[in-house]
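Both complexes shown next keep chain A, but they swap its partner, so chain B is in the first and chain C is in the second.
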Partner chain A sequence: MKWRGMFRAPARTVALGSAVALFALLCALPIVWMLGVSFVGSDGRVGLGNYARLFVGPRERQLMLNSALLGAGASLLATLIGAPLGLLFARSDFPLKRLLRIGLVAPLVIPPYILGLAWIYIGGPVGLMAQLFGHDLLSEWTYSLGGAVVTLGVGFYPLAMLATEAAARRVDGRLEEAALLVAPRRRVLWRITFPLVAPVVAAAALVVFVLAISEFGVPGLLRVNVFTTEVFIAFSALYDFGAATAMAIPLLATALIAGAAAQYVIGERLLVTRRGAGAGAPLFAGRKTIAVVVVLFVIALCALAPILALAREAGHIRRVAAAASGTAIKNSLWLSAVGATTITILGALLGYGRARARTRLRGLADLVMIVIFAAPSTVVGVGLISLWNRPGWGIYGGQAMVVIAYLARFIPVVALILAASVRQVPISFEEAAELSGAGWLRSFIRIVLPQIKTGIAAAWIVAFILAFGELGATILVAPPGESTLPIRTYTLIANAPSAEVAALAVTQVCVGLAPLALLGLFAGEKTKEAASDA
Partner chain B sequence: MPEAFLRLLEVTKRYGSRTVVDHISLDVAEGETVALLGASGCGKTTTLRLIAGLEEPDAGEIWIAGECVAANRRNLVPPGARGVGFVFQDLALWPHLTVAGNLEFVLSSAGIPKRERAEKVNETLRLMRIDHFARSYPSRLSGGEQQRVAIARAMIANPCLLLLDEPMSSLDAELKKDLMAELKSLQSALDATTVYITHDRVEALAVGRRIALMKNGRITQIVIPE
Partner chain C sequence: MNSKVFTRICALLAIGLMTDFSACGGRGATGGAGPDSKTDEVTIYVSTDRVFSEPILRAYEQKTGVKVNAVYDTEETKSTGLANRLLAEKNNPQADVFWSNEPVRTLVLKSRGALAPYKSPGADGIPPAFKDPEGYWTGFSARIRVIVYNTNLVKGADAPKSIYDLADPKWKGQIAIADPRFGSTSFHVAALYAELGDEKADEFFRKLKANGVKIAPGNSVVRDLVMKGEVKMGLTDTDDVNVALEDKQPVAMALPDRDGMGAPLMPNMVSLVAGAPRAGAGKKLIDYLLSPEVERDLAKSDAVQIPLRGGVEGPKNIPPINSFKPMTLDYGRAAGRVEDVVKRLQPILDL
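Moving on, here comes the complex of A and B:
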């Protein structure tokens, strides 16, 4: 019986080692490679020439200011909308709560540039508002930094909401109950609950800041000059590889600093998802009607209004049906499914390795994951091209390159999601299996995976939604004639009738919302199971 | 005293600069039950995990049934090959498997043929008087019933060494008394060598033929109850 155990360590080492090696190759190497390329000038000489241009000109300084304002504004708006909603969901009970939560999360599954497009249909020169009032009211504001801030704030507030809700649920309800004995609810909320969730709210704000400055589609669409759009122009219009890579450095540095700060603030809580002891105190009791009205207002403004604006612009269901039958959507569905499946397999192994790691370097591993996820999509795209575009390799120029782009961008976030799931499985479950003589692989497949199946399903859906909406990296690496739905929509915006573009956008929204409903269903089932177990 | 079935020789375990188990030596004869008694954090659980092979010692040797299973700062025999049954403090029942499934997994991991497995599972469930819960999931059972399942799982593969980590800590006094009596009769029926961890003096006196008192990672005294 001894041989069973003797093969255990190699099986684990081979599986986790292969996953780490693939992570390094697919996710980390393109960015490291790009850093190397940034030191090579257009004449082939190694030096700091590309960086010299970066910090001197007024244009570059304006880019830096625009990027910082975009990030800070979107982060502030997302937190102002999301954090109170998160507290409301964690500490109150009202009718149709699960359905309303799905409604509030909806903007997160709509790619930001589609939200931007919807706001153009509402506030643009020939948009809904202009038609209603008979003259152009908002277009100057829509096509501005302020417009981009609002679009991204609306797109990312669900992140602040979900993080705040999760953090509030972890707070021991007895702490609030003890305070409620001596203080009114509002005071308890501000003096007890909010300070306890504040670190997570701050970390979520930092994540939104990084995601906002990494965004390419919205500033590109609303004609706001920021670093991501300049990287795209430097590479795809001017073919200035060195400048493109050097301009990516401030973004990467910001991602690194914000990622380190977020990781420092929330530490191991990044992977802890258990509820605190005791149910949360009902801090919003007696205000059910106000809560529902506020939630419905936010849903109407942030989710329904953009979707209805797109549907109105598309005009007819037949147009949407025609858009849904094209090659681009088939490519997108197929490539996103392949990408999401591969991401989930690798993410499960990496997440397991992270959750069970005892080394002190695990904090560094989290930081690497956060920074890679926060790396701007156009930066990842440029890194992928500089690494994979080599004669004779046979990968660049095919559909595999699109899948590689998905992997490069989204493995880290899925690995972190699944690490949180694995952390909920007590280590003693695996130890009991090990004592039974089960090898690591058997224990992983029979004991660990069945217990994180909901997490795996959720991770697959998240990966699918992210891959389906990916634009910044794939627009750079997709082979000619093999475009995905986001690429087709984005490139048609300037060249095709708006009805056709809106029909494509509606299709994309529908594909994003279907998995969200599935996710809601999974969460609902889990809640039911927990309730029946209790 | 007969030759030791379980022997710990100067076993030490450190976590960073903290020594959790400090040069422990202990002999347990075949079929004997020894209770390790001590306050929380004195190193009882770590000692048990070292015997099971779930931790590697920083110094010392561990021998089971005449075979050296750990020495030179590493485990020579992996946990699954030590013939050990373990009842965890949190029981560690696999929640996605039924009661029968929990037991069956142990046998299938040991490579026992399917037909024999079903028979053995039924037999063990009957012995522990939980056969009517065979198809239930652990979360549906009471604390005492879960405890029985955990003990059944630890015993099903006929381990030569039974390690119990505060198995009764979450039970009320009445249930604890009943289950202790049952455990004792099961132990004598199986004749398994047992190491039983507890912080409850009464429990230690009830189960242990000898009681090893632990403090700050060391065995300070070995007592034989009258």
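Moving on, here comes the complex of A and C:
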């Protein structure tokens, strides 16, 4: 007992300390390095020259406003679509649920730029709608801030959906069952269910906000001026690392404000209900047909429409087959899977540490995660090169750098998602385990992880999809030769006809969806297992 | 996630681990396996479109047995690209050779000390105007900045002859250019400022703005907009237009200002990277890229790039170099104007 007691504390310290150290090395250090570079001017002098132009001009303020509106709009739309779907999946039983879930997740697999292209093929001046109706109906709206909001909102709603479903499965259905005795379903949903999942929904909304404000491809394509353009120009047109990083500060500040606002509104409200998830209350009982119709409508509009528009533009299956590269596909699937697994492991530890932190610094930890996540991918990529490209280290120049790029970019978002999941697990579970003599590690593996397994699955899927589609950082650090599918796609897009572009896009989407479809077919329904976890 | 699912995921990962992971061992231009010896390999960063450059590098591999580790670039508006990678790697270079498809990137890298001088014997026959006097870059196989127009919508005498035609009010809302802050368009606008002077160039772009010019994310998008009839004409590169011509689309190209300032010529540029880990192999690859054989291959391919040396057969659809008036350019001076021009154009074109 004494021997076991000696290692009880150090196991937690070692595990969490290692996760924090890796987070600092992989995620924080590249950003901090680049921030240091931002204080060096193009003439080599240290100073604030790169910051002189920020926030001052009307143009910069307009760009900030556009960026904030784009982020807020996309986040709101994604939540409005995704959150109800997540509740639907968690609280009703209808046929082909697994298959329909895959269909609903599909837009997240489509890279935002490709999604923008697809919507142009539909709503552009000579797109499908213009051809059907004989004149241009939608192009003015397509090429606008509203069009960009819809494109990104539709692309990112699966994040809200997966997060909400994972959170709702943690809510004890007996609360809702009791409420249904005295209140109608709508009231129960609004006054019981939704407040209990709100923090996770807010975390997902924040993730979508950050993804939207740091997105460049869609605003560029749809001719919307946003602040990411300034960062991009500083790199692409001016080759000035310091100025580019300084340009990213307003973006990081916007993310910080959004994160602080989310903390203020949601706070540290207790989410947990009872010891086990239990079965969900049948809030949508008797509505199976409507549920299926709604789901099919969303799939048709948000997933099938853009994919079919791309396929129509591709024209022939031969083009799609020719666009594929076995090596690139294998690399992408393997590296994304390794990256997602490592990200999830570290994210679970960091999320646990954040959720169980008792100091006031826990809110600060959230904000640090958000700011790091908001850092433009090129800033991260250049920072990684600066840190890892050292003579004799042997890591730079290999495929490991691609995985490191994934970790650097996506550990923060997964840690945020899993922190929200861990907060749903009562600490009394661990306290009871400790009283029974279980060490921290045993308690973490045998009690905490099983309680958040749906959240872990959702986090893994999100990490996989984000890693699979990542380009900005990986193109800077990927080794020579056939690397990942997005790199192949974008290097070939450069001078290809739109049919080839569409074929490459369809290939990337199909390859990205395939492992998720396999996982979806394997995974069983959670309700009985969740009940047995109690 | 139940234990069965977990086991299946582990099985999938294990299968992936055991599968011959060819990307780890093989780093060829084609991604295939090759010889392991470091003396038999060379690393090149390529900004010229992959669809055109990859066959050239594959041919070099087959001819010499040297493994070519190639890193390709995206369109300039999709990612910040290889020039930034080269600058970031300057303290511990990974690449031996840099092959660019336009002058700006190369000249920025030269100014930042990322290139090394090498005067290749393969450059014999290339006119001096396309070679750096200090040897930091050598030009070969060029593209031209042209006006692309839709032949169904623009007929006969209305066909554009000068870039000033884009400012003609009869084409209001029917013209497009790629974002002038990036790529070959940034070179083109910088060249215009160097040629016309600031006042005249500012005036030209103000007129374009008043004429409702659409700013597209890239040259290929300009081509697609014209091809689909969303606009009637635009500025782009010869290889972009050729893609549409080969696809039998209703487009044609006009070499602008034949009787005026001439059309801007953009050569490919190849350079040795400063501190290249395999400088000897890099020099040999540069010699090959500057050979008449490569100019001929690039001319025959869909790149339709114009040989700079005489006596090499040019591409179909494109007039030979001695048949039109190219803009007289100091590439260094034009590239040096890019940063300043980008800042001037932002308020003029509301970028």
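Keep this in mind: the second predicted complex is superposed on the first by the 314 of 534 C-alpha atoms of A that agree within 3 Å, B and C clash if a C-alpha of one lies under 4 Å from a C-alpha of the other, contacts with A are read in each partner's own complex, and residues count from 1 in each chain.
FYI, a contact is a pair of C-beta atoms (placed from the backbone, for glycine too) under 8 Å apart; a residue touches a chain by one contact, two chains touch by 3 or more.
Computed from a predicted structure; not experimentally measured.
Of the two partner chains, chain B is the only one that A:I447 touches; chain C does not reach it. Contacts of A:G397 after superposition: chain C is touched, whereas chain B is not reached.
For chain A, the partner with contacts to more residues, out of chain B and chain C, is C. Shared-chain residue A:R61: touches no atom of chain B or chain C. Of the two partner chains, chain B is the only one touched by A:E434; chain C is not.
Once chain A of one complex is fitted onto chain A of the other, the partner contacts of A:P426 are limited to chain B, with no touch recorded for chain C.
Once the two complexes are laid over each other on the shared chain, residue contacts for A:I233 go to chain C alone; chain B is not touched.
Chain A has no residue lying at the interface with chain B in one structure and with chain C in the other. On chain A, the positions that touch chain C within their shared complex are 59, 113, 124-126, 217, 220-221, 223, 225, 229, 232-233, 235-239, 241, 325, 327-328, 330-331, 333-334, 337-338, 341, 378, 381-382, 385-386, 389-391, 396-399, 453-454, 456-457, 471-472, 475-476, 478-483, 487, 490-498, 515, 518-519, 522-524, 529. The touching residues of chain A, counted against chain B in their complex, run 1-2, 4-6, 8, 426, 428-429, 431-439, 442, 446-447, 450-451, 533. Per the touch definition, chain B reaches chain A in the complex via residues 52-54, 77-82, 84-86, 88, 90, 92, 94-96, 105-106, 109-111, 139-140, 153, 157. Interface of chain C with chain A (complex): residues 1-2, 4-5, 8-9, 12-13, 16, 19, 21-24, 26-31, 43, 49-52, 69-81, 83-85, 87-89, 91-92, 94, 108, 112, 179, 181-182, 186, 214-215, 217-218, 220, 224, 228-230, 239-240, 243-244, 247, 338-339, 342, 346-347, 350-351.
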